[in-house]
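Next come two complexes, and both contain chain A; in the first it sits with chain B, in the second with chain C.
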Partner chain A sequence: MILQGKDIEKSFGGLKALNGVSFELGNNEVLGIIGPNGAGKSTLFNIICGVYSPTKGSIHFEGKNITGLKPHDIARLGIARTFQIAHAFRDMTVLDNILTALGIDEYNGIVSMFKLAKKSDTVESAMSYIELLDLKDAANKKAGELSLGMMRRLEIARALALRPKVLMLDEPCAGLSYDDADEFINLISMLKGQKISIMMVEHNMNVAMRACDRLVVLNFGEKIAEGTPNEIQNDPLVIEAYLGKEE
Partner chain B sequence: MFLQQLVNSIVIGSVYALTAMGATLVYGILRVLDIANAGAYAVGAYIGMAIYALTGNLFVSLIATLIISGAIGICLEKFIYLRLLDKPSIVPLITSIGVFIFIEDLLRLLNGPYAKRFPAKLPFSGIQLSSVSIPATWILVMVVTAVLLFILWYILYHTRIGLAWRATAQDMETAKAMGVNINLVVALNFLLGYGFAAVAGSLIGIMYNSISPTMGDTPAYKMLAIIVLGGLGNPVGTVLAALIIGLVETFLGGYIGFFLPRDAIAFVALIIMLLIRPKGLFASNNA
Partner chain C sequence: MYGIVVAINVGIFAILALSVNIITGYAGQPNLGQASFFGIGAYTTAILAGKYGVGFLPSLIISGFIAGIVGLLLGLASLRVRDDFLAITTIGFNFVVVAIFQYVPFFGASMGLSIPPLKLFGYPVGYVGLFIIILLLMLLVILFTKRMERSWIGIALVSIRNNEEAAESLGIDTRKFKVISFGIGTLIAGFAGSVYAYYMGFIMSYNFQFMTSITILSMAVVGGLGTIAGPIIGAIVLGLAPEIFRFVSDYRLLIYGAILILMMSFQPQGLVGDGSIFANIVRKLRPKTSGVDQ
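And now, the complex of A and B:
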């Protein structure tokens, strides 16, 4: 087990967005967080990434308590994330986007910050991520000029360039065409081959069922089910949450 | 005559660039219009003069001016601006105007309201090329500005912190997810931003051999025109806009100066610009 959340609770004002949610992400596993709108998926995601701190409960990464750490510290520990709406640095080239991520270990030192960013070996390693995600032709294009599918790939390439142990994907298939989503599922299995554990929030049931080893289902801030895609598909509570109760 | 005017406008333009760079950097990262940056311009002139009087070394005084004023900038950032970021943008704007007035009056209380001299001895002399004469102080202004702007450009486009700066300017949340320590980026931003404006003030003090508490007034307004022309938060655009304003002021000022004061030209340019290209001449599309 590489990442674990224990009894996470989060209130915004009087509103409880999460109520005692626990999860475990195994080594080299793909875990999906699913649930209807407003279930608390994104809140959980943002708590793990350090955007919010939980009201109660804790997050452990490789056995270390990382609750309440800042986003840049969490990224440095080895938890990389993508965003629900593609957040490429639009005015920078694809290559510069990746180079920004490759600097992750050096942004905290006053001296190392001034290291050159475009040394040939750094650029080479950036190109390897660009090639991995099939973006070579676009390497010197501004990220803002890419199609949505390519921008998502860029985000994943950039997250991989952080050399993470855990990759957090926030609705990676939102807005993608059927073919692009298909390609994405292939990508996930390739990443699994590279010993990266993946946790993804996904709205698209079809994608979640196919891409994930295990699913955690949230509804109204509580965990209502957990299991393999097969088990989840047949869980009456889940069906009820998505489709409503039978009369 | 033409060449003389050209050199003249480059000198003016480079000082404008250095002055406006601080506000550009601050706007680029925090989206705050930092009028107080022009306070650093006046503060820099006084610090420069004091240290020059103490050490008699121009180089030392310029470096010290940059560092001390940069440190003041970092203090303003830590104690004032960072606390106001979640407020509507009018709040930090008004605050920065308040800080600017505070700085001016503090200088007035400490040094008196009258202009003082800043008689610097330069280690080199001016150049006379046929009809063009370039005084030593002008050479100083151009060389120092060029060196500082080159260092800035090099940092922004070739170092880790430069990539981090550009990333943060575009999207702070994502930059954090890349492991960028925003506090360090913003601190460096204020160090250079206030430092540059302070050096610009020192240079102008040396060039005109005169400094006064209110010397930051006109730069404060003109800086706004320049950073808007330059595309708000775009460092390269700011340099180009500053040079353009320098050129226009020098050349047009000679012909229409009798009914339109020289300092008004930048604002006429600003108004025209806002009417036809509100994002500025060199707008980046991340705004």
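And now, the complex of A and C:
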């Protein structure tokens, strides 16, 4: 087990977005968080990444309590994330977007931050992530000129350039075409082969069922089911909360 | 004589435009109060040189650092606010600083402060000498900005300008870098203020008003934020416009304003900014390089 959440509770004013949710992410596992709109998926996601701190409960990464750490600290520990709405650095080239992640060890020191960024080995390393996500032709394009599918790939490449142990994906397939989503599922199995544990929030049931080893189902801020995609598919509570409504 | 005075003015404003460019151009933090740091630098020099007889170099350096320290504090205070609210905070700060210069007797209040003529190694330095000093200072600022642009801090600042949340998710402490950008940008404005004080020989709070902040920012914007050539070209264009259009002296401000409006409508990225007509021509003419530093 690499990442664990214990009894996480989060209230926004009077609204309880999460109520005692626990989860465990195993080593080299792909865990999906699913649930209808407003179930608290993104809130849980943002709590893990340090954007919000939980009202109650705790997050543990490799056995260490990381509750309440800032997002940049969490990134440095080895938890990388992507965003639901594409968050590419639009004025920067694809290459510079990836370089930003490669500087993670240099941003702390006042001397090291003035070191030149575009050394040939750093650029080479950035190019390897660009090639991995099939963005080579766009390497010198401004990120703002990319299509949505490419921007999502760029964000994944950028997150991978942090060399994370855990990759958190927030609705990676939102707005993607069927083919792009298919390609994404291949990518996930490829990353699994590289010993990266993945946690993803996904709205698209088809993608979640195919990409994930295990699913946690949230509804109204509570965990209502947990299990393999097969188990979840046949869980009457889930069908009632989610699948039943969608059909 | 007249030429050199105009050149000195343009040079000082070019340094100021380069200074606000680090905060607003690279880090993307609106700053409509840069004249206050220009003023803090000038008043520090006026007090050090005028009241205590401190020499040029120590006055220059101390003035920069005092402006930079106040800038760091404003940067820290600004962490709680963003965008429009930050812009308004910096405007407010400008008014507070001008009011302090205007009403506190130590700062000469409404009488202003005078600065003895600049001497180096016992010799008086005239306008030409002053202009050379300004050019040297500008060269240092350009070299520094170039280095910054190519190193990790430059990448961090531009990433913050683009998307703070994403920068944070890549291990960049956005709060720290915003404060650093304020510190550096205001330090440079402090240097400019110090030289300005020597050049003017007499300063008043009036010189560092909010309007001056607007002028500084306009120069950076017209030239192209986030570039090195941009603020310098902006300072030359907007600095010379009032002189060139002197024959229509009554309408000088009108022309100034019209340049701003036209630029924002047709070239919002500035004269030499990314994607401007000029930048596109240069890109076509220049052979492709990989941009890798060895």
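Note that the second predicted complex is superposed on the first by the 242 of 247 C-alpha atoms of A that agree within 3 Å, B and C clash if a C-alpha of one lies under 4 Å from a C-alpha of the other, contacts with A are read in each partner's own complex, and residues count from 1 in each chain.
Note that in this section a residue touches a chain if its C-beta (ideal position, glycine included) is under 8 Å from a C-beta of that chain, and two chains touch if they have at least 3 such contacts.
All values derive from a computational prediction rather than experimental measurement.
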Clash or fit: how do chain B and chain C relate after the overlay on chain A? clash
By the touch definition at the top of the document, which applies to A:S120: first (chain B), second (chain C), both, or neither? second
Taking the superposition as given, does A:R81 touch the first partner, chain B, the second, chain C, both, or neither? both
Considering only touches as defined above, state whether A:K64 meets chain B (first), chain C (second), both or neither. neither
Looking at the overlay, does A:S112 come into contact with chain B only (first), chain C only (second), both, or neither? both
Considering only touches as defined above, state whether A:H72 meets chain B (first), chain C (second), both or neither. both
Applying the touch criterion given at the start, work out whether A:L162 contacts chain B, chain C, both or neither, answering first, second, both or neither. both
Figure out whether A:K136 sits in contact with chain B (first) or chain C (second), or with both, or with neither. neither
Give me the intersection of chain A's contacts with chain B and its contacts with chain C, in residue numbers. 49, 51, 70-72, 75-76, 80-81, 83, 87, 89-92, 96, 99-101, 103-104, 106-108, 112-118, 158, 162
Provide the residue numbers of chain A that touch chain C in the complex, in ascending order. 49, 51, 70-72, 75-76, 80-81, 83, 87-92, 96, 99-101, 103-104, 106-108, 112-120, 123, 142, 155, 158-159, 162
In the complex, the residues of chain A that touch chain B are 49, 51, 70-72, 75-76, 80-81, 83, 87, 89-92, 96, 99-101, 103-108, 110, 112-118, 144, 158, 162
Would you pull the chain C residues touching chain A in the complex into a rising list? 147-148, 150-156, 158-159, 161-163, 165-174, 177, 226, 274, 290-294
Quick one: which bits of chain B touch chain A in the complex? Just the residue numbers, please. 155, 158-164, 166-167, 170-171, 173-182, 184, 188, 284-286
